[in-house]
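For reference, the structure is listed below as structure tokens.
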């Protein structure tokens, strides 16, 4: 598939994206049945970053960031750029100039399965980046990959137009057509959690709130008084 | 030992715990003969966190956080919860609801040999957590482990009631019965260090303050003028 | 070479050092042909740290920090101490007392291929440290290494007097005699980047600014309209 | 998708599979444009193992091997079982009993993104297994995943019926419908390589055989006589 | 505890040890409730090695193998030496001379949470070693640890006299007083497995042999015909 | 330095090389004061491989093996090719065709700080390779590095003409001009070890042979009778 750029993609509904961004990564991951979560090495370059949007996908090769430049053109305001790499590589494929470009063109953020550099300036400009590493190592523009075909990024298959949600907990992918359903499930989960949070704050036990004692006993859990020594 | 919860444990003396918390991890580790330090992958979820307390211990299984819920009940104000895992696993076994519960019940902090999620909210509520990873990956409640029996957490054996001290440098365990002795040794070490710090601030060399020149010469250290090239 | 301390070294020109520090790691790395960059595991102990200076080099052995003490004596104001280790080791070879000493003697910073401890106090005193790990593990003073002979630190050969530049992106080494040349090349690069940054901010594409379209076509890049599904 | 087992899948053409197995991983990977190769941590449990077949896919959860048992039923002679895991986990999900079962039912091999145990007996029975780790850690049967839906295994998306080829070099996936085309391209590549191998054996240089000198000169490669020191 | 050598220890019953060795690591681990298994980085230096015995324990420090020499004296024929390290270190603490010594004194094998060297000669003399790494890095004799006090080795607490069983699958520890009980449970497990193995060899499914279908249905597993695409 | 090929280098004395090869890695490493040993991730592709020779050095870039082709021309019979990479990369830069070429031209072996593929055929042809990884991932020929200038390979600076010795224990570098001296020191070490080996085989303790008891007592080692529990 190397050598192909798909110019147009379907995008997800903006209100669903907004709802998912508000819910955050952990809730969205749970709301869609504990799927779609990228591996935990994908970390924000600066704490507090938060982003969600339709994925424009790109595949780069090790030590080469050419396809990020290509992807900038097909990206639309509100999108999140998701960059995979054909092998395990932490070179600094993205820096403040590309961040300037992505920001100017309306990108909401970047998910990068390679290294990021210029993290000082990128933090100052508050452009949200999640990456595998921080590295100033320069990259070449020599080998073509592809744009807007499916990629595997940090262990998760991302198709163009799928929604990506990212915050301090990491990054989760929601299939495009599931957006509204997942957002709704997440909001319901939040409501339940709000009730439970209030009970926990008063000192109630999750053992009682979630009614776990019977299940534990069935699995053979036994209490002894102690202390044992 | 799976399937056992010990309800009551011996706890360490509160004033010794307070003294150890004030001393911090590096000093406590040195004061007890350079032992008890967990492996350095055990890192605070937010910088500046600091905690010390008697350990309530729990063993979980990979992808399963059931025993954390069980441990909440037997924990008392001032305790630190220490959670080990039967295999190497970074799933997000702990989040803001459990943090709310632990805080409400008076726990001083959590040491977690698995992953932590909801790190944004946990940072806001300033609940101290040290973990092996940050991950939003959800966990099940399916397999029983145990509570308040000895565990190995990040390379260190922790028995219920041992003291755990944690700060930005990591986590150290002090055997319960050694608490007062270690606290005293740590305070003496701090006094000496204060004197040495003042001398170093004036520009004196540690070579002289610690009288190292003779030992170095005996080991064969030679000085040449240089530059060599 | 164990057992040798070279007291005097050539140092780089102060104005070149100042210029390199201002340029920062990524620009310096690019300006000297993408060489000299340490492996990305070498990270600042606190965000925002920045340092540049002539390297005083030391080789320690695993679990032993004796040569750091020795190096303090031969170091001069403005130098950066670069500490390598003869094997892969993350023990806490450096803490607040040594930081106090280095600061008092005018060191600009420390690059440490071992672990750092007392990171709270070191952050407070704003002494710049880049290290492989954070660990409170204590070290002994038992085996002699050397000072001011070449070392390999995080994958890069550093000779005494070479310049080391470090910031949030990592650490880069510039050979002493290349300092002025690299500084000049970096400043020219910055000027070009300033122009390009302004164009990117207006929404121009890097594809056009860097004239990449022809090269991409020659490599066979094809555009299709999409969406594909 | 957890909770679903797809009983029937399309399978690839047997002669194409046989051709791909003969070609081996490196040639197949090259023949399909350098795609489909799993990450290099996926290693054979014993040297010399070799397998190819249509993929029956399964998703397990950390510390849980239930879906491997489920997959045994839908697998047909000649298939290769590909097992992914919803998080990073090395527990011993597969041992000699399951190997006995897979062998009895005609499976050609197993690709396992978890740990393998009983490696002595499995080597003796010559059942081909590639895994992420060797570990005797036992697993539970508590959480359902799925069978014969797409998975990501060692960085590669595998759909049911895709072909998996594995040998001492690792594991590569070929999309089902590309099998014949890739086999043909691989055979042509082998013919060319045979010619080149003969020339290289006579001492000819790859620089000349592949006509690289002009390209190198254009990139600026310069020869100097030396020795330099 | 540094600085202490305990000369005499309780040892486990020889027939129980022999039984456990015959059962092997995976069966022993299961037979004692899936506990005691060392982390999977602990690997045999040569394939086919097999050992079991009472543990003589030693704690070394990074880059230092002094306590292995000390342990040789207190070790008795049939023992297995278990060497832990106070920090994460892969230096070559053990080579062919120490292997010669251990073999001459009747040791059954070595479990080493550091590096091993001279692996060619050690393989030739067929002395069983499990280690964290292979490394020729030399070590010093400068810092005292201890012998025959509890250690944590590859994530498992080992007390002097506990039984250690090791084979191609890794290493498992059995508490001394549990030896006979675990051996018996393991033998029963083996008998059951032999029956099941015979049924699996005939092509019966584990789903039926272990009666899993009902449990799977209760967890919601659904079968669909397929193929889906 | 990218873009430079040095055609001629000084080579070490053949008899010194032969002596070093016979001594092996561990002895050579010790004989030159425990220096020059590459990091332990550098492992032989097949067990039993053994090589020594003057180093021809090359620097490649991630995902690119062009300079290996260039190096083949300047290499002479008896040399060992040492390939470094400008960043951390495990792609399969070397396979059976290049092995055929190196063998035909008389190379003694390859040390590769990248990945190796075709390990089956390379093992059959018994060409000695040490590499960082096994990976079939294909590489491009797009970016020039250099040949016969100093490189850092697996943590060690190697200059053209330095001697490289490799066996099952790993890889060690001996500076060219030190070859004879190190060979002599190694042979003396071997003689002493032969004497000690004979004594150890008879059951004598290393504590006595190396006269360690006094030193241990001075460091405070104490013996207690035990058993303690």
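Each chain carries a letter (A, B, C, D, E and F) given by its place in the written order, and its residues are counted from 1.
The rule is short, and it goes like this: a residue touches a chain if its C-beta (ideal position, glycine included) is under 8 Å from a C-beta of that chain, and two chains touch if they have at least 3 such contacts.
Small disclaimer: the values here were computed from a predicted structure and weren't measured.
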{"item": "Distance in touch steps, counted as few as possible, from subunit A out to subunit E", "value": "2"}
{"item": "Contact-graph distance - origin subunit C, target subunit F", "value": "1"}
{"item": "Pair exhibiting more inter-chain C-beta contacts, A-F or A-D", "value": "A-F"}
{"item": "Interface residue identity across copies subunit C, subunit E - same or different by half", "value": "same"}
{"item": "Inter-copy rotation, subunit D to subunit E, in degrees (Cα atoms; steps of 5)", "value": "120"}
{"item": "Inter-centroid spacing, subunit B versus subunit A (mean Cα positions, whole Å)", "value": "30"}
{"item": "Geometric centre distance via CA averages, subunit D-subunit B, whole Å", "value": "42"}
{"item": "Residues of subunit B touching at least two other chains", "value": "34, 40, 86, 88, 90, 135, 137, 143"}
{"item": "Listing of all chain pairs that touch each other, if any do", "value": "A-B, A-C, A-D, A-F, B-C, B-D, B-E, C-E, C-F, D-E, D-F, E-F"}
{"item": "List of subunit F residues in touch with subunit E within their complex", "value": "24-26, 29-30, 34, 37, 40, 43, 47-48, 167-170, 172, 193, 196-197, 200-203, 205-207, 210, 212, 215-216, 219-229"}
{"item": "Subunit B contact footprint on subunit D (complex, rising order)", "value": "61-64, 86-91, 135, 137, 140, 142-143"}
{"item": "Subunit E residues within the subunit F interface of the complex", "value": "3-10, 66, 69-70, 72-73, 90, 92, 95-98, 100-101, 104-105, 115, 117-120, 123, 133-138, 141, 143-144, 148-149, 159-161"}
{"item": "Touch list for subunit B against partner subunit E, complex", "value": "1-2, 33-35, 39-40, 86, 88, 150, 152, 155-157"}
